[in-house]
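Beneath this line is the structure, given in structure tokens, with notes to follow.
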Amino acid sequence: MHRFANPTRFLRIANAVFPWVAASAALSLLVGLWFALFDSPADYQQGETVRIMYVHVPAAWMCLFTYTVMAVASATYLIWKHPLADVAAQAAAPIGAGFTAVALATGSLWGQPMWGTWWVWDARLTSVLILFLLYLGHIALVNAFDEPERGSKAGAILALVGFVNVPIIKFSVDWWNTLHQPASVSRLDAPAIDPSMLTPLLIMALAFKLFFVTVLLLRIRSGLVQRRIRAIRMIEQAG
Amino acid sequence: MPLERKAFETQADSLSATGLTVARGGRLVFKGVDFSIGAGDALIVKGPNGAGKSTLIRTVAGLVPVLSGTMTLSVAGKPVDRPDVGIHLAYVGLQDGTKPTMTAEETLLFWRSVHGHVPDAAIITSALDRFGLSRRSALQTRYFSTGQKRRLALARLIAVPAPVWLLDEPTVGLDTDAVAALEDCLAAHRERGGLTILATHTPIGLTGSPLTVDLADHQPDAETALAALTGEDLAEDAS
Amino acid sequence: MSGFGAIVMRDLRLAVRQGADAAMVVMFFVLVVALFPLGVGPEPNLLSRMASGIVWVAALLAATLSYDRMFQSDHDDGSLDLLILSPMSLEMLVLAKCLAHWLTTGLPMLLIAPLLASMLNLEGEAYPALLAGMALGTPVLSLLGSVGAALVLGARRAGVLVALLVLPLTVPVLIFGVAAIEAAATGQTSRPHLMLLGAASLASLVLCPLASAAALRHAAS
Amino acid sequence: MSGFGAIVMRDLRLAVRQGADAAMVVMFFVLVVALFPLGVGPEPNLLSRMASGIVWVAALLAATLSYDRMFQSDHDDGSLDLLILSPMSLEMLVLAKCLAHWLTTGLPMLLIAPLLASMLNLEGEAYPALLAGMALGTPVLSLLGSVGAALVLGARRAGVLVALLVLPLTVPVLIFGVAAIEAAATGQTSRPHLMLLGAASLASLVLCPLASAAALRHAAS
Amino acid sequence: MPLERKAFETQADSLSATGLTVARGGRLVFKGVDFSIGAGDALIVKGPNGAGKSTLIRTVAGLVPVLSGTMTLSVAGKPVDRPDVGIHLAYVGLQDGTKPTMTAEETLLFWRSVHGHVPDAAIITSALDRFGLSRRSALQTRYFSTGQKRRLALARLIAVPAPVWLLDEPTVGLDTDAVAALEDCLAAHRERGGLTILATHTPIGLTGSPLTVDLADHQPDAETALAALTGEDLAEDAS
């Protein structure tokens, strides 16, 4: 796996696969959205608002997934010192923050009709909000240092420490009796949810994953270029 | 704990570096620095402002990571592995490491016990004496002038004996008496077979013929700097 | 005296001499608690419902304000370089720092908490849970704080940054601590919550020193 | 450019370059607001009753954390000596500092407050009072903060000390700010409270620079 | 505003002190210091560490209160009243007053405008040139070494002209080129009829015969110290 950790070699591979990933992301997104918006039944109870699910749930899944990716990359960076892992972790953070923001936004949009309020301070919602702040904190920390090296290392350590929050989010709904999960799982697990609703959801989930990979590749690439630029600028400024 | 006892029984035989290259703030500071000193030797680090003297000394201390090159301190015949190097060093940098509300005496006592030495009033007094601080030993250091703080920092060299001394511009802010005192200490230290690395702009009287590195000869040219700072080498470095 | 003891003693001495840090943290703790009745109005029943929450939130905030002093001044005056070079392991150093920090922050808050709770007229049977919760929880604050404090060394605006990093991580402590009190107040058992707090403090006792030490190792330079 | 403008510009530039201070203060503000519901439980009606209080308390605390940056760094790196020796009057200096501080602290909080209030589902008709209150109140926080920040210069543990000095002084702001919102929420007029806030900010605009300037004069040496 | 214009048109004719006595931290530092310098003169403040050199200079600048004694700066024939003295001074102390995230150029521009001078690129460039920082003018000062920061602090003397220079150990941390540059500046300043007070441990080449005060001769003995610190004198001083 170390072969891929070499930036130049990685760039070659990345450039090769990028178009395909991007294309399939776009395609699956289109298909998924079409299903979600037009070719799936409105919920007998929630009505049209159920369609929010097709964005909310994948986004919510991704915000946890992305943080996991970040933690793994950070560990790789700290243990094997692969610069690429560091670039990857830093590239993932803003994307994860984005997904979390979407989960929060769609969630509260959905909450209005479902729970009659935009926001409840139950364990899941709060822990997701904290996840969001962790993302922002990570971004702030990485950029708060003179030494880029320091920022990377500090960010990596924080990512690992903050990972404890992920299981908390995942199981918050089981640990504390919250407004959130009952509404959801019963709806998902119940036989009531037929393929016509599950398929689009899964397609959307796939689309979000592909989208993530696409953006991640882009950001890693620009991250590597940025380092080169910074090096050049520092040299011509300070000689 | 054994670690703590090790500290003051050792006697280093040699400290050497080859092809030392260091970057700070994403910028290459110096490249390809070689030196090798044995028991009783002193190495004077020269160079204009910004050449990298402080950086070099902090690198030797292990406080700044090396980009490439090797460094070996050998004690009692065998090389010391990186994490333990610090134990054999006494570092006096630009910051004095004094606490405004601690007296001169308390400061030295503290550093002794941190280094696992038995608190020994006699040594403390002699150390303070050596730098003309005995009358101020019970005074909190917030009442010390610049030079008096520097003197206290230097008194640490006597209070906490170590085979290798790393001194970064030790004469800064000292009056002539203090400089003389420092020169005596250096002579005695080298008598005992101690090693010394010393960065300075002002001449310091040293017995024998000290070795010198002039960092002006090790400033990086643009290409090397660029190569060293872009991902590839880092990756190779990690492998 | 061992290096560990030396550092604890020195930090305590500094805390005492430098205008009684401990006193200040406690006073901040009191102030925050005092602000609330002003903010949300004085109805006793409302306050007593919120008492547990207010006390814990105040504790978190007061602790947050005190994190930056754990390593920052040592970093600024060059002591940290010397400590890193000293023979004692960084993990031990961190533990010593955390102990000193807890003795000057967590302990005083623990001692004054009952008084504040009574000012917010918390139910009588909840006090054991309050004390047990704080006894188990405050060490976690110090330990997690050390990680944040070590991470932001040399960073710009370290003060606010450390708050941002640590507060989210300490939220579970808040939740369990409050839950324990609520349980006791409503006559249920608060053992499970206290167990969770205990688990949290054990976990952080093991993990935080490692994380902080790793952060400190990179903090120099 | 006049000295006044130069200082404001420079402080803003520093704020932006030094890892977006403003963003951090706002994030802390958000965090504090987020902590409360965790502490006191999620019941919407309870929260909406406390919303105004929570938002204002959070604003006070967030501002408190940011005071130390007003003069401390200038004091530590010697810039303050030079500013004191410069031809511009200390009062102008203080005003410039306060303006810069408000632009990077009060203003962003003012902008985000409605969002947080809505998360605590504050009654709709209270928002104008919330905004007006913060617009009138946050300058007072910056101005009073400058006094505290100037007073503690050179003191050790300035961070907590300034909090202790300033928080009590800013309590009236909290009370009137909350009262204004409560009034609006309960359908009464909030004008009197807002008037009082306005008076407070005018008074502090006149008095605080004098006090801070006096404190600064002694801070050197 | 008039205040701001005053700053750089003035030409001081004399600065004198009689019976200057100063206490810090409740302790008498020096007593009965007299000096008087005219246009073009330089006063060198000597004394061992802790004699009170920095204190004397900060006292002249008005940053430290005097316990007893008088000080008069006369400009254009008439004495300047205390609060306005600062306007005519350029003080370079031990702290450089540089901000890590501001570039060298921005720093000088800022100090110019604070002193009410028009921003003048030419002067800034020449000032940076003078101290060999021109290649670093666009570099943030966090990347500066100790000596580079010192150089920037000294460049302020050129960028913000003032008739009276107060320099506290200006050569600390400077390499030989920088010291030479400083000596040139001093010569030119005195040519122009500027006044200089300068504390130093290392010899500085000064044209003509500079006056000197040796604070070693002004250390207080116990009883004066006591007398000076008891209420009466303070009262007189205040009256």
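The chains carry the letters A, B, C, D and E, assigned in the order they are written, with residues numbered from 1 in each.
By our rule, a contact is a pair of C-beta atoms (placed from the backbone, for glycine too) under 8 Å apart; a residue touches a chain by one contact, two chains touch by 3 or more.
Keep in mind it's a predicted model, so treat the numbers as computed, not measured.
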{"item": "Relative to chain C, chain with the most remote C-alpha centre", "value": "E"}
{"item": "Chain pair bearing the highest count of C-beta contacts", "value": "C-D"}
{"item": "Centroid spacing, where centroids are CA-atom means, of chain C and chain E in whole angstrom", "value": "45"}
{"item": "Mean-CA-position distance for chain C and chain B (Å)", "value": "36"}
{"item": "Computed distance of Cα centres, chain C from chain A, in Å", "value": "31"}
{"item": "Set of chain B residues in contact with two or more other chains", "value": "24-25, 27, 65, 94, 101"}
{"item": "Where chain D touches two or more other chains at once, by residue number", "value": "18-19, 24, 27, 31, 38, 41, 156"}
{"item": "Junction residues of chain A - those touching two or more other chains", "value": "126, 130, 133, 136-137, 140, 144, 146-147, 149, 234, 238-239"}
{"item": "Overall pattern in which the protein chains touch one another (line/ring/star/complete/other)", "value": "other"}
{"item": "Contact pairs between chains, per stated definition", "value": "A-B, A-C, A-D, A-E, B-C, B-E, C-D, D-E"}
{"item": "Chain B-facing residues of chain C, complex", "value": "1-3, 5-7, 10, 13-14, 17-18, 73, 76-79, 81-89, 220-221"}
{"item": "Contact set on chain E toward chain A in their complex", "value": "100, 135-136, 138-139, 142-143"}
{"item": "In the complex, chain C residues that touch chain A", "value": "147, 151-152, 154-158, 161, 164-165, 168-169, 171-172, 175, 207, 211, 214-215, 218-219, 221"}
{"item": "Residues of chain D defined as touching chain A within the complex", "value": "19-20, 23-24, 27, 30-31, 34, 37-38, 41-42, 44, 47, 118-119, 121"}
{"item": "Contact footprint of chain C on chain A as seen in their complex", "value": "78, 123, 126-127, 130, 133-134, 136-137, 140-141, 144-147, 149-150, 153-154, 157-158, 160-162, 164-165, 168"}
